[in-house]
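One chain, subunit A, appears in both complexes that follow, with subunit B as partner in the first and subunit C in the second.
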Partner chain A sequence: MNWISDRAIDRLRDAAAWPELDDRYTITGVAGHGGMGTVYVARDQVLDREVAVKVLDVTDHQGSRAARLTREAHILARLDHPGIVPVHDAGVLPDGRAFYVMKLVRGRRLDDVLVGAAPQAVRLDLFARVLDAVGFAHAHGVVHRDLKPENIMAGAFGEVFVMDWGVAQDGAADVEPAVVGTPGFMPPEQAGAREVDARADVFALGVVLAQLMDNEPSPALAAIAAKAQHADPAARYQTVEQLAADVARFRNQDPVSAYRESVLERSLRIYRRYELPILLLVAYVVMRFVLLVAVGV
Partner chain B sequence: MKKPVFAMLLGGFLGIFDGLSALISAPQELPNIVGIVIGSTFKGVIAGAIIGLVAQKTQSMAITLAVGVTVGAFLAYLVTIGSPYLWEIVLPGSVVGLIVGFASVKYRGPATSRA
Partner chain C sequence: MSFPATRLSVVERTRSHDEETRRVAWATIIEAYWKPVYKYLRMKWSLSPDEAADLTQEFFTTTLEKEVVERYDPARARFRTYLRLCLDGFAANARKAERRLKRGGDVTVVPLDFQTAEGEMARHEGSVPADVDELFYREWVRALFERSVADVKRHAEQAGRQVMFDVFARYDLADEGEARPTYAELARERGLTAATVTNHLAAMRRQFRQIVLDRLRELTSSEDEFEAEAARLLGSRSLDAARDKR
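Here is the complex of A and B:
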């Protein structure tokens, strides 16, 4: 007699709990669980492609959590950007649970990238794309409020998606101040349930940047992360664009606004930036000196 | 940046210093230094174009170095016609050709994407 293993039973139990969507989407697996619900992998039968379906855990489709999920779908639908997951569909299941359908993102979470051996230059490249996506959201009045490596997906070809906009603040006054977010990534004003603005995301991005740096980062990069994480919002970068500009300056080996370098540091930076022409010039000067000394010409 | 462009820029860059080195090897030419530097820069650019093309075609260090020294020396020799200075111009010109040749072979250029 063959017995069914506990693992197989668990799988069957999970499959039995999968939501029943309409004929268009067929659930094929679970992508992950979040604070509000579960994200399933599904097949879109009409367009013959895989999609992700985020389904609320509770059945009250008129409750606050359903409203939040629907609002998240609306925000994502409005933010048409390569770094923000596009929404395809939204609705309410027959059992009353709200859901929305979005692009299925394949890749690794940024915290997994951090565990790997990706060079700092690659990590900063990903970070720059995150800044671009968040800056785009800010330009449309949306503050994410829960930026952290777990909410950032990095694809195989360098593409980046900022995920989980469930606690995003859409506009200045549509959300009552409340403690939402993740400890360690929240600025003091957010942890204190005071009103927040785009600078709250700047703070979180500073924490993310600090995690992306090498163990012994250059003082300029460390200063950028520190300025972004300043407890006083007025002392931070006032916009993500300002933060992005400083990160870009660092990547281009230009002086950054957050750090005043010494003469030695400036010399080293300039040397690294123009290493090849400097070395070639030195080679010429050395050979010219040899000619002068040896041949007298 | 392709190799010939890189080599032209490098040849011109080193040509500036090659011209300025006349201040040491022939200090009496100080009144003519601007013309010397301009001519030397132009010579470096021409040499760079030839050396860069050779480096791009052959990818050979030996051939490119040989062509670099020869072109550098030959162009410098043309400059010396009617001038009392021969080796003062030809030898540094050869050095410029040598360095441009070496750098052109080593220079890998931008990464290219494939469709």
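Here is the complex of A and C:
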């Protein structure tokens, strides 16, 4: 038996994992790794464009993982939305691993955006797009169940893609007994492997929002995040649309439903919202006063 | 394509009522683990070649059967991790007792080629990993791959496809410091077309992958453990390594 060097071991591991697709797709690199598999970058020779190919890491003899990957592809195919990555193709490799082909998303993960210096207004704009995509999925009966910054991609032109729908719940009947999701982003009912609904995603989005806020957020924005993350599903926003509406109100400097402001806070908010007209009005009044005193006009 | 999911793991087969089944299962475990155990004792415990060889023999002849496999609970840990922890305890006790067996003493369960293993020690690249589990894992993977490559070679020879294995060995098994040819160079070297080289490599890699997975399934004690091990072993790990592949 011949000695195999560390380098040869690494090479064999990669060689054994490298997917053998048909002539249409030529794998050119690795985009990333997930819980179920690896996402490769490939060139679609027919349409002459780059695509992403998600491949299971293991040949799935029992079929549960392959079924999950296929179901993810079906969900993506059904959710035709600018914020949800479109799927182009799906199948099984000669070695038995399931795969699907999707749009190659170029950009940064939201957690990388958080590390960068993007202002809160930009981050909230991205968040609003995420809410739009998730709300669309909910309208089609799909609950993501694993929303977190790592699963959201932000493109160079402000576009966002909600990724990794591998543990999504597709319809009420599709309830897995096992706990799925990421600790810290799961509401209590999901962590307890109980049945979840769209409010589980509202909870996760609340956690994401809290991470997107400035270090010293305004009380109104903090209240929105807190309401979304309430342990009791009944006390949360009942839909993503409700959460989105409150976030939109905050961005427009309107009163939000999650926070009752004081008279002073309301005055300040109104001042900030109408700062220019107010300043012009004050300048006009001062000018009139000066003219009245000095010239008697 | 592979063993059925209901196939018993070697650990389960060591508990069989059939003596031959038990014997084969023990031989499989020893074959898979003796080199990692020996090298681990040499590197982690800084034992001399003789001490490591003696303790490896003792570990497999007495301790493993009576104290390790009997108490193994698949629900609590992977077998490899569990075995490594037991080995640490065993080595610590041996050191405490300053227990040393003379080479050739006591029982030898299977002839283990310590001379070859010792020769390989000199070829280990880089420093010893600080993570002891990683050290044991690396040697376990090496042993698994060595046996799997040997299987691929045997199958190729039996099928009269020696040239396919030669292409695979030249390209994927190129040693440290050995220049790796391009597909075109390899094709010229072997008097083949580049497309044939591509096809040969694909066929050999597919067979290698299947053999590794079959062996892995045999060495793991549950479907979950198998999937986790397979994902760790064969899931692509680095963008650079993958780019370097073609």
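Simple rule for what comes next: the second predicted complex is superposed on the first by the 278 of 297 C-alpha atoms of A that agree within 3 Å, B and C clash if a C-alpha of one lies under 4 Å from a C-alpha of the other, contacts with A are read in each partner's own complex, and residues count from 1 in each chain.
Operating definition for what follows: contacts are C-beta pairs under 8 Å (C-beta built on N, C-alpha and C of every residue); 3 or more make two chains touch, one makes a residue touch a chain.
Quantities reported herein were computed from a predicted structural model and do not represent experimental measurements.
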Contact-wise, after the overlay, does A:5 reach subunit B, subunit C, both or neither (first, second, both, neither)? second
Per the contact definition in the header, classify A:65: touching subunit B only (first), subunit C only (second), both, or neither. second
Now for A:48: first (subunit B), second (subunit C), both, or neither, which partner does it touch? neither
With both complexes overlaid on chain A, does A:95 touch subunit B (first), subunit C (second), both or neither? second
Determine, under the contact definition given at the top, whether A:57 touches first (subunit B), second (subunit C), both, or neither. second
Is A:280 in contact with subunit B, with subunit C, with both, or with neither (first, second, both, neither)? first
I want to verify the contact counts: of subunit B and subunit C, which reaches more residues of subunit A? C
So, A:288: does it touch subunit B (first), subunit C (second), both, or neither? first
Contact set on subunit C toward subunit A in their complex: 1-2, 4-5, 120, 123-126, 138, 141-142, 145-147, 149-150, 172-176, 201-202, 205-206, 208-210, 212-213, 223, 226-227, 230-231, 233-239, 241-245
Residues of subunit A that touch subunit C when the two form their complex: 1-18, 20, 29-30, 33, 37-38, 40, 57-62, 65, 94-96
Subunit A residues touching subunit B - in the complex, by the definition given at the top: 276-277, 280-281, 283-285, 287-288, 291-292, 295, 297
Interface residues, subunit B side, partner subunit A - complex: 10, 13-14, 17-18, 21, 24-25, 87-88, 91-92, 95-96, 98-99, 103
